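Next up: some structures, all given as structure tokens.
Both of the next two complexes hold subunit A, though its partner changes from subunit B to subunit C.
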Partner chain A sequence: MNFNKDTNQAYLYIAPAVILVSLICIYPIIRTFIMSFTDNDGLNPANFIGFDNYIKLFLDPNYIIPIKNTIIWTVLATVFPVAIGFLFAYSIQFLPRSNFFQILIYIPATVSAAAAGVLFGFILDKSGLFNQVLALIGFEHLNRDWLFRAPENTYSMIGAYTWQATGINMMIFLVGLQGLPKEPMEAAKIDGAKGFTLIFKIVIPMIMPYFVIASLLALINSFRIFDSVWVMTMGGPGRYSETLAVTMYREGFIIFDLGYAAAVAVLISLVGLVFSYYYLKSVLTKEDVS
Partner chain B sequence: MRKLTSILIGLTFLFSANFSLAGDVQLYHDKAGWQDWWIETFDLDSNNSYEITPFADTSSFQATVRQSLRADPPGLFTWWAGYRMKDMVDAGLVEDLSPIWDKYIAAGQVSPDLAKAFQFDGKTYAVPSLIAFWPMYYNKLVYAELGLSEPKTWEELESNFEKIKASGRTPVGQTIEGRWPAFIWFEEFLIRSDPDFYEDLVEGRAKYTDPQVEEAFLTWKSWMDKGWMDDGSAAFGFTTGDSMNNSFSKGEVVHMLVGTWFASTVTGGGIKEGDEWGYFVLPNKNASLPPSVIFEAGPIMVAKNAKDKDAALDAIDFWMSEAASAKWTELMFFPPHNLNAALPGGEVGDLVKEINEGGYRQINRYWEATPTEICEAAVDEISKFVLDPTSYKDVMENLQTLADNYWSNN
Partner chain C sequence: MNYKTKEKVNLTVGYIGMIIVVMAWIYPVFFLIVNANKTASEYSKGDKTEIIFGTAFIDNAIKAWNKGIGDGVLNSLIYGFCGSSLAVIFAFLAAFGIVRLKMKNGLLWFLLIYSGTVFPFQMYLLPLFEAYVAIGIYNTKFGLILMYVSICIPFATFVLRGFFLTVPWELQELAKIEGASNLQILYKIMMPLAKAPLLLVFLIQFTWIWNDLLFGMVLSRSTSVRPVTSALVGMQNLYAQMDGPTILMATVMASIPTLVIFLLLQRHFIRGLTLGSMGTGKG
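Right, the complex of A and B next:
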């Protein structure tokens, strides 16, 4: 490997970033990975216990609910924000003053998940706005404490999350739609394509790379969902709305079984890493093409 | 010369700064709302100066304290009693405070019973920052309207509930919001029938599948079936309009079983202490039992590896004094830990007097009395019972599995 002055200079430029990422990101990842093979409790010297924490995670019946909830979150919190985001993006472009609607739909994405959780805690409460609206439109029989009953609480929280996550997906699709060449669309219209045919046969295939990016991003975020759940239900009642990330926090910072919490964190990270790999691959491929 | 003068002035500041820090005691606590009262009480200590750090979030507080105990811990920190502090004691990371207790017990200023909440192998590892009892709060306005009086027997209690229910109100508020409150009625039903069994259960000498636990769940279930208790979905305090406390202040819910530390929240809900709300300790279901009450103590501990350990021990000595206890009681309305300090006024004062004079058996709260690993999972299991009272048999089995897992390894 030849190093010239320019190369050295380039290394110097990126050195601070590399050092910072190593300290803040890589080092904790390695520590967490090592910790996952120990019985670390934050007080006593940790002992190596092999794969015990991982075996516990997969064999303990108590962890079926978090795993099931995480899967529900991953599927629904990907499908809804992406699908609704696309619908908004596609519809908005035909509206006058579309900028206003873009801002309106994007605003929830600027609210922190914790703040949104508190807000929806009030909305979904027994006497909250959601039940009041249901009663107003004649569906009073559906009134309930949405965050207290399972599985309604998980679906309600996914609804709240969708409200927040739709804006960013809409923006991704707007970029994609604005970059579409006009000719194939016009040709399809001349050939009689309209409505859903035009959307499903022409528009969606043409912006498929944006669907992949939006979906993978949503998958990564929903698989590790923590803040919304913690603020709204703390994973309860009775652990019925717990997700894997909540399990990790609960084991780590409430029970202080740090070794076990680290094993859950490693599992979440590995799945996130797989999604991230495909996400980056699709982003980088798109950049190469452009 | 000017340079030398500057250096000398600098050194003077440096030494004076170090000198003033020598008596500093660090206190970490997670009761951010108490910050002013901590400062006001410790201001009375002429021997030490204090650096008091509040943590708004309990989890980050616990993580910080635990991680610091081997490295650079604060001299003083608040914690939770019983099994919640046991792992720190077992790891040898907190100071034995028995000599300070012995001094005050010998002087007749503190009750040796109080030390039990912080004792392991005969040594006492903390002093109390909080003393609370768990009586029933009741709405006196509703009692007056319905012509009810404080129940002295279990039958009178249930008779009151029937009349309250008939008036269209909910006799008892319960909540499982935030997970932990699920244990409140579980422990209460157990001690009202068999407090010895309760103490055996939390120590692993009895089983969650025993008939006494089933009886507790069945009583609880029957109260819920009769509509005497709500479904547990209401929030605890002020967070929503239909919180348990707000419903209590409106007279929609007539009783709540909460620690005495909740008094200011109840009064803050808009009803007047004494005239409009009061306390009674639940009568026993088993009438032959002596009176008893659930007791909760919040500890202050001294970190063994703290640089300011000597000053912290001196601070603990001050904390146990009559002056500190009286000030703390005056500010917080907690029962005083020093027997020479005056009792708080109002309902709490009357309650403490009744407990002291009535020879009540003081029983440690489930949250602290049983191992944390069991308790943290148990509150989720008990919550499942509140959600579906017919599930009590499964819940009992699951609780016993949790207990077996813990006690077989400890």
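Right, the complex of A and C next:
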């Protein structure tokens, strides 16, 4: 009796959360999905057009660029932040006062993508810091307008993003490295393993779960990259540095081809969900263990 | 002895090497602060690496504040506080209901709430914009708070559910016998125990709201409503060419709150970040 009363009361407790999440999160997800099969333009009544938007997405030569850029982003903006994050974590753990290094290295990660984008807009400007430093060390011939030329702009932005995204990976690896048993490392050292052999043969296999988590997280975030690109180039010049998330925004809120934008959103989600599935699986199994 | 000295030398070399690497790594931050203190002409004509202990600091701060970052900062403080605290309250209630009141199909209800953070945000934008315009809450503070609260609930519920699973049942049963209502148990027993996770979730969600650009861009337009990130980007588009240092100063101002939160929390951050980073846990 009492038990039943509690379960009924429980509905009142979850009601605000369920209602808000349903209205603001779940309803839009379903609606976007439906929208992607229509020619909705925000003005005229929408017609059901089947898979036309999706077919257009793969046939339209304009969209090869964002797809290509998104792939470049997904690969490089995963590899660099994870690899550099690991190198930082691995190197500072040996040093006294590693906490101090850790804080300094993490500072860029506390800044919003928007603020970092504005900052690197100045640094990568034609007469900005980066070109001045290049000239200072004798590479003036490399000077260029880093954000206004393709493909340099995509790589420049990935560089700026890496600066910002590395901190979290370092933190993940620090947690992983601290949990390592010392014996295998000592044994390997006595056997004469050092430097890269030690890293690749002993350390990396031992913290593999952390590599999986960090990489999946980086994949999720880089595949739907928007803020950094929008702030630094808006996808330009033309559409040369556009990624799929920028395409989605442009189609939806500038060109008002809502059906098409919805199809791009669904495409981003499908790939994103695959990453998310494996991510959640690895995070949750790790949680159960610890 | 030989081994020991070698170790020491290695450590010193490593230490010095690391100091150089880290200095290079945070040089952009140094560049930001130094150049935010220059006058517009000192910046545009001069050497960007030059350090000038200028007097432009206060001037630039006032200009940056008045040209838009002030409104943005105040708006985002409201969004951060209201959005995050309401989300934490609703999530606390929901997690309590699901775990402590032994809800039937509790896991399913939890997954329903959690599903709100699994999809990329691109899936939310078009219908939200459409509905906000139709209802008349597009470009209002209420509309943005409503969105931020809702979007922060799933991650907060996730963490707080984890907390409730760890609280011993004896406490609750004892209070029940003494005649306490569920609300009293929640308020008098659970709340004091949950202080740390509640604060952690609040600060992580505050940081997420503060750093959000996409929703602010889609759901607001005017300077009196838009959050700090859109304000900053809007200022950059208008003034970056004419008055670089003012925009750099605005960037500093827009970055201080999240930096302070990190310095306060440091390592506690990481658990929450990795757990919820797909959604709104991302820093």
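One rule holds in what follows: the second predicted complex is superposed on the first by the 271 of 290 C-alpha atoms of A that agree within 3 Å, B and C clash if a C-alpha of one lies under 4 Å from a C-alpha of the other, contacts with A are read in each partner's own complex, and residues count from 1 in each chain.
Keep in mind that, in the parts below, contacts are C-beta pairs under 8 Å (C-beta built on N, C-alpha and C of every residue); 3 or more make two chains touch, one makes a residue touch a chain.
Keep in mind that what you see is a predicted model, and the values were worked out from it rather than measured.
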Contacts of A:124 with subunit B and subunit C, given as first, second, both or neither: neither
Touching partner for A:42 - first (subunit B), second (subunit C), both, neither: both
Residues of subunit A touched, compared between subunit B and subunit C (which is higher): C
First, second, both or neither for A:11, with subunit B first and subunit C second: second
Subunit B versus subunit C as contact partner of A:62, first or second or both or neither: first
Contacts of A:115 with subunit B and subunit C, given as first, second, both or neither: second
Touching partner for A:253 - first (subunit B), second (subunit C), both, neither: both
Which of subunit B and subunit C A:175 touches, first, second, both or neither: second
Residues of subunit A that lie at the interface with subunit B and also at the interface with subunit C: 42, 121-122, 127-128, 249, 253
For the subunit C and subunit A complex, residues of the former touching the latter: 11, 14-15, 18, 22, 25-26, 28-29, 31-32, 35, 44, 47-49, 90-91, 93-94, 96-98, 101-104, 109, 112-113, 115-131, 146-147, 149-151, 153-154, 157, 162, 182, 207, 210-211, 213-214, 217-218, 229-230, 232-233, 236, 240, 244, 247-248, 250-251, 254-255, 258-259, 261-263, 266-267, 269-270, 273-275, 277-278, 282-283
Residues on subunit B engaged by subunit A in the complex (per definition of touch): 59-60, 62-63, 66-67, 69-70, 87-88, 91, 93, 176, 178-179, 182, 231-235, 239-242, 372-373, 376-377, 380-381, 383-384, 386-387
Subunit A residues within the subunit B interface of the complex: 41-44, 62, 121-122, 125-128, 145, 148-150, 234, 236-240, 249-250, 253-257
List of subunit A residues in touch with subunit C within their complex: 3, 6-7, 9-14, 16-18, 20-29, 31-33, 35, 42, 91-92, 94-96, 101, 103-115, 117-123, 127-129, 132-133, 136, 163, 168, 171-172, 174-175, 213, 217, 220-221, 224, 226-227, 230-231, 245, 248-249, 252-253, 258, 261-262, 264-266, 268-269, 272-273, 276, 279-280, 283, 287
